[in-house]
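All chains are identified by letter, namely A, B, C and D, in their written order; residue positions are counted from 1 within each chain.
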Amino acid sequence: MIQVGIFGVTGYTGYELVRILAQHPDVQVQFATSQSFAGKWLTDVYPQAPHLPLIEEADAPLETVDVVFLCLPHAAAAATAVRALNTGGKVIDLSADFRLADPAVYAQWYGHEHPAPELLGTARSGFGFAVYGLTEWAREQLPGADLVAVPGCYPTSVLLGLRPLLQRPLLAAKLPLTGPIIADSKSGVSGAGRQASDTTHFMNVADNFAPYKIGRAHRHLPEMEQVMHWWQADAPPLIFSPHLLPVPRGILSTIYVTIAGDWTLGDVAALYTDMYAGEPFVCVLPPGQVATLAHVTNTNKCVIGLAQAGNTLIITSAIDNLIKGAAGQAVQDMNVVFRLDETTGLV
Amino acid sequence: MIQVGIFGVTGYTGYELVRILAQHPDVQVQFATSQSFAGKWLTDVYPQAPHLPLIEEADAPLETVDVVFLCLPHAAAAATAVRALNTGGKVIDLSADFRLADPAVYAQWYGHEHPAPELLGTARSGFGFAVYGLTEWAREQLPGADLVAVPGCYPTSVLLGLRPLLQRPLLAAKLPLTGPIIADSKSGVSGAGRQASDTTHFMNVADNFAPYKIGRAHRHLPEMEQVMHWWQADAPPLIFSPHLLPVPRGILSTIYVTIAGDWTLGDVAALYTDMYAGEPFVCVLPPGQVATLAHVTNTNKCVIGLAQAGNTLIITSAIDNLIKGAAGQAVQDMNVVFRLDETTGLV
Amino acid sequence: MIQVGIFGVTGYTGYELVRILAQHPDVQVQFATSQSFAGKWLTDVYPQAPHLPLIEEADAPLETVDVVFLCLPHAAAAATAVRALNTGGKVIDLSADFRLADPAVYAQWYGHEHPAPELLGTARSGFGFAVYGLTEWAREQLPGADLVAVPGCYPTSVLLGLRPLLQRPLLAAKLPLTGPIIADSKSGVSGAGRQASDTTHFMNVADNFAPYKIGRAHRHLPEMEQVMHWWQADAPPLIFSPHLLPVPRGILSTIYVTIAGDWTLGDVAALYTDMYAGEPFVCVLPPGQVATLAHVTNTNKCVIGLAQAGNTLIITSAIDNLIKGAAGQAVQDMNVVFRLDETTGLV
Amino acid sequence: MIQVGIFGVTGYTGYELVRILAQHPDVQVQFATSQSFAGKWLTDVYPQAPHLPLIEEADAPLETVDVVFLCLPHAAAAATAVRALNTGGKVIDLSADFRLADPAVYAQWYGHEHPAPELLGTARSGFGFAVYGLTEWAREQLPGADLVAVPGCYPTSVLLGLRPLLQRPLLAAKLPLTGPIIADSKSGVSGAGRQASDTTHFMNVADNFAPYKIGRAHRHLPEMEQVMHWWQADAPPLIFSPHLLPVPRGILSTIYVTIAGDWTLGDVAALYTDMYAGEPFVCVLPPGQVATLAHVTNTNKCVIGLAQAGNTLIITSAIDNLIKGAAGQAVQDMNVVFRLDETTGLV
């Protein structure tokens, strides 16, 4: 049994994680921390939760666990990661702290110096320590890794939707991508977090629909462009427009990519089905079908649809933001790190 | 008092129309037809409705009215329009029958020959009879017109969002639009109509979000491209992706336009505020702000936001699909046709 | 023109009030206060609002107005009422401060001494100053009144549903009400107020339904029982179970009353239609039909349905909590106070 | 492995059943029928479903299965039950056909003679064949049973909420229940079935809340009263008021019972915790806490809250209508019939 600790269990991501881990046959949760609810039980916060005591972060018995999951705000996550690594445990971090390989980019988008730059550097970047845990892409770097940066929710939906286009050198030469790539993304309210605010007040969400931080303003933009450049050095820039949907969970990204040259939807569909053949959690729909939230909510799946409009490929990519976009992918990463069957606890 | 008849009053558009007209000081509703509910009262269908008797379409006393509103399916609308025009009344048609100037395009998208091609041809097209009633654009053609084609809901949101870019010759020369224009639109469920179906079943809509007919597949595409070409002969092609939102009403279109050359968001914002200065129902937000459904539901307004990402202008354009996207604009058109104050009954 | 001031305009009730008053032909809004947003505009808070400046409560020019509406928390409302009355204006208070005639009951339920007990005492109580503004009941006390206590939202739905049973001496003798009266009420989220909290977080409301303060625990209980006793000295006790509905607005109360003796649904229906004949805002449905939120949202109406199960009468009573349950009834009261047509600005 | 067939798999109940059975370690689904979609795959109807072929009911290989689940309309279910029993299989029927022991009552409420009255008669009724499968109550009758009538969704929520009061002879003598019992129940839309209709149209459900068939008009009333009389011969009559909630799933019943004599909430709570001690799927909350949908959605649990108002006990009882109210309880019953651990596949 893998002994697990969870930091920040009372946020939506932490709660989803504990629900998944409670069903996982190879895992035992040793402790769960919560700054706001320490001293209470998880069932005091979520009526359907497992009956776990909530402890102070400082009281976490790090020496009793093999791995910790960090569902903490940025900066706090890095500090806890250092402590956990020093105790000899592995760290699976669901915050943004280890997603960006370049500490200068981190400082620019998060407004403070990176707390532990020596740990940065992610898969395929050639240096560093953290592995960027988009499981389908990092499957070979993950086994045995000590520090995993679980991708953001929007990046998971967009990057899985783009990967076959960007990671195929032949295509890059024959069918170059031109102009900016546009990701028009829509997310359910759980993505905005558990903290009550005007943004998440029922009266402001229900019967409404609203864009926010559109263009090149959202913190997930540099994360996506970083990975796009890993995959294709001259990848076009990304325009990213998130919107808040009046639903509890789910992300749908509608992605527009202009591909020069002669191609058919069948060509592109073959590229996708080829790359994702055998993937347990990525499903490519038949050409012309669209992905919807109903395909994916409450699952660890990413469902991808492909359509064509002239030279523009329209990719619809749907995930559950709390599962494949956070806690589910974190467990998927853990399974690979510990060399378990990748789908354990997730189907 | 303008004597009015309504055909097809029990659809969502017809019902919204009768609600607006009930508040209109210069209008008297003489009759309202419903194929499904003839013999009943409108209150049997909508509990808050005015207490109007519903009659058979064939029994409508056309000779008693000055103008009829047609909230009928395509083809049926054209046939009724001919009858009404022959009786000497004016026609404001909310169907698609007179929106397209070219009967061949109509036949291609609607699957049958146009029932009354001699009436076609819309404003600025140089021939024909019907006026395309995007009020802000057709204000000079509307007074006294006999046949008005009220624009579709999606086209209203997209075209008002694009008009300042397309209808400015100077801009066209100095700052050409390149590549396709992308309109990623999201509509509430009332846009799918009153007929119960799998699409509109609460269980399929709630907690879900789904694209449909994306790319170049939706019937509103040729309508939009037609008007775009009126405004700029070499306008780029349009990619149009509608999505079904789990809300009763409202459309938000997020529109991406690539503009070559040197420009700032301030330049473009000036173009918009200049064109829409004095418009009672179009509101341009300060640069950087986004339009949301909450700006417009239950109003006849179109609210427009502008943002920039590199050379791409991102326009967010919101309307209430049943009001500015249908019944409200129809009344706005009627006001102009009859030379009333354009805002009568709408504020 | 009646000159009006609004205190606490940025809560949901205040906002609804300003929307109604903006359409009222005999009213001019002179000022609007907001503690949280003083110095901003109302449009900064509600995008569809009239463009009113928000001022500090202390800066309100009381001497410029004929009447003030108080949309303030309890205790704060009473203090402002005293100031306004001293300046010679009338006060229409939407808080709970003047609803209860007995200051001891007030102290018990609100946890502090009443700030202005000399103003208490409500319609038909034989002493005092404030008039309890359930318009249909207080129509003769309201004209010229200086202080009106607008009823609570739940009380409006329950009391209008019960009044014909309780205010008919003949019935009381021949058909006595036995056992407790049960009001199982369900309210939309706007009733919980504008303040962001766990209770109003979209994630806790959507897809959920929850009772709260059931039995004899909610502050509206003593208000309802007080009025019930005005109407029938030996009225049975009330059991009141509020529930939070995942909708923005509307209250439906399902009320169970056991009536001894021989009666038919027709007898009771006649009682209701007789009492409410001519009422502009109370609508009694034909026997057997049920009231729903769809009957009343966005209107000032109370719609009442009647059904029978043995000796139990089941009353379904629906209102819009923000209109007939607050701002609409406040304006209805104001119309009567100032001897205007009661429906002005409300239809 | 238990070999299973499912009739009527494409309704919401059938689909929920197949989802549960897909996770059940001791079950293999041999076939699944659908009149509307025979020839297609279950994934064509529900994108997240197991990939099962849908066959005609007439083609179902009854001889290959140990047990069939019937998710069919009434009358159709009875006919199929007879066929399945004749082939030697067991039957777990989720329709209403075998819930009522008295065929005359059935005929009165369902409008036709019972198709197989010789199979009627339910647990504790002293004759007949079918077992009424409220698992907690029928646990001793179920092992080996050939025909199980799974209770209705509303009855499950109400009966589990009432059972400790009715099935305690001592209580009946000392603390008699007086007057009618009132169950004010609220159900999510899945209870209305998969068929598209005005009732289930998103536009009629969203932002609305509506009672229907209140009093003594709903078909679940005789089912509940039958069981109440099994438990206490002189049980009071039931008043039952269902309401349609704008949520996909879940039932909350707020139940009012007047208990004569001296009692405290603690007394009653002890009765409940005593009766339900050790029950895996019934949870009694601490006195004063209320049950909500959030306690139970997507689980097989019934959560019960208790509150007091004078002599009235207020019971809040919540279930997921598709799980504990249908498919989950059906599997729970199957587990007991086949002498498996009762919770298999359900936690």
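By our rule, a residue touches a chain if its C-beta (ideal position, glycine included) is under 8 Å from a C-beta of that chain, and two chains touch if they have at least 3 such contacts.
Remember, it's a predicted structure, so these values are computed and weren't measured experimentally.
S.K.: Since chain C and chain D are copies that touch, is their contact same (over half of the numbers shared) or different (under half)?
M.R.: Same, since most residue numbers here occur in both copies.
S.K.: Would you kindly say which chain has the C-alpha centre located farthest from the C-alpha centre of chain C?
M.R.: When every chain centre is compared against chain C, the largest gap points to A.
S.K.: Averaging only over C-alpha atoms, locate the centres of chain A and chain D and give their separation in whole Å.
M.R.: Computed from C-alpha means, the inter-chain centre distance equals 39 Å.
S.K.: How many angstrom between the C-alpha centroids of chain C and chain A?
M.R.: A distance of 48 Å separates the two centres.
S.K.: In chain C, what residues contact two or more other chains?
M.R.: 206-207, 246-248, 292, 294
S.K.: Note which residues of chain D are touching chain B in the complex, please.
M.R.: Residues 12, 189-190, 194, 196-198, 200-203, 205-207, 246-248.
S.K.: Which stretch or stretches of chain C touch chain B in the complex?
M.R.: 47-48, 207, 292, 294-296, 298-299, 303
S.K.: Where on chain A is chain B touching in the complex?
M.R.: 178-180, 182, 184, 186, 204, 206-212, 214-216, 237, 239, 241, 243, 245-250, 252, 254, 256, 258, 290-294, 297, 305, 307-312, 314, 316
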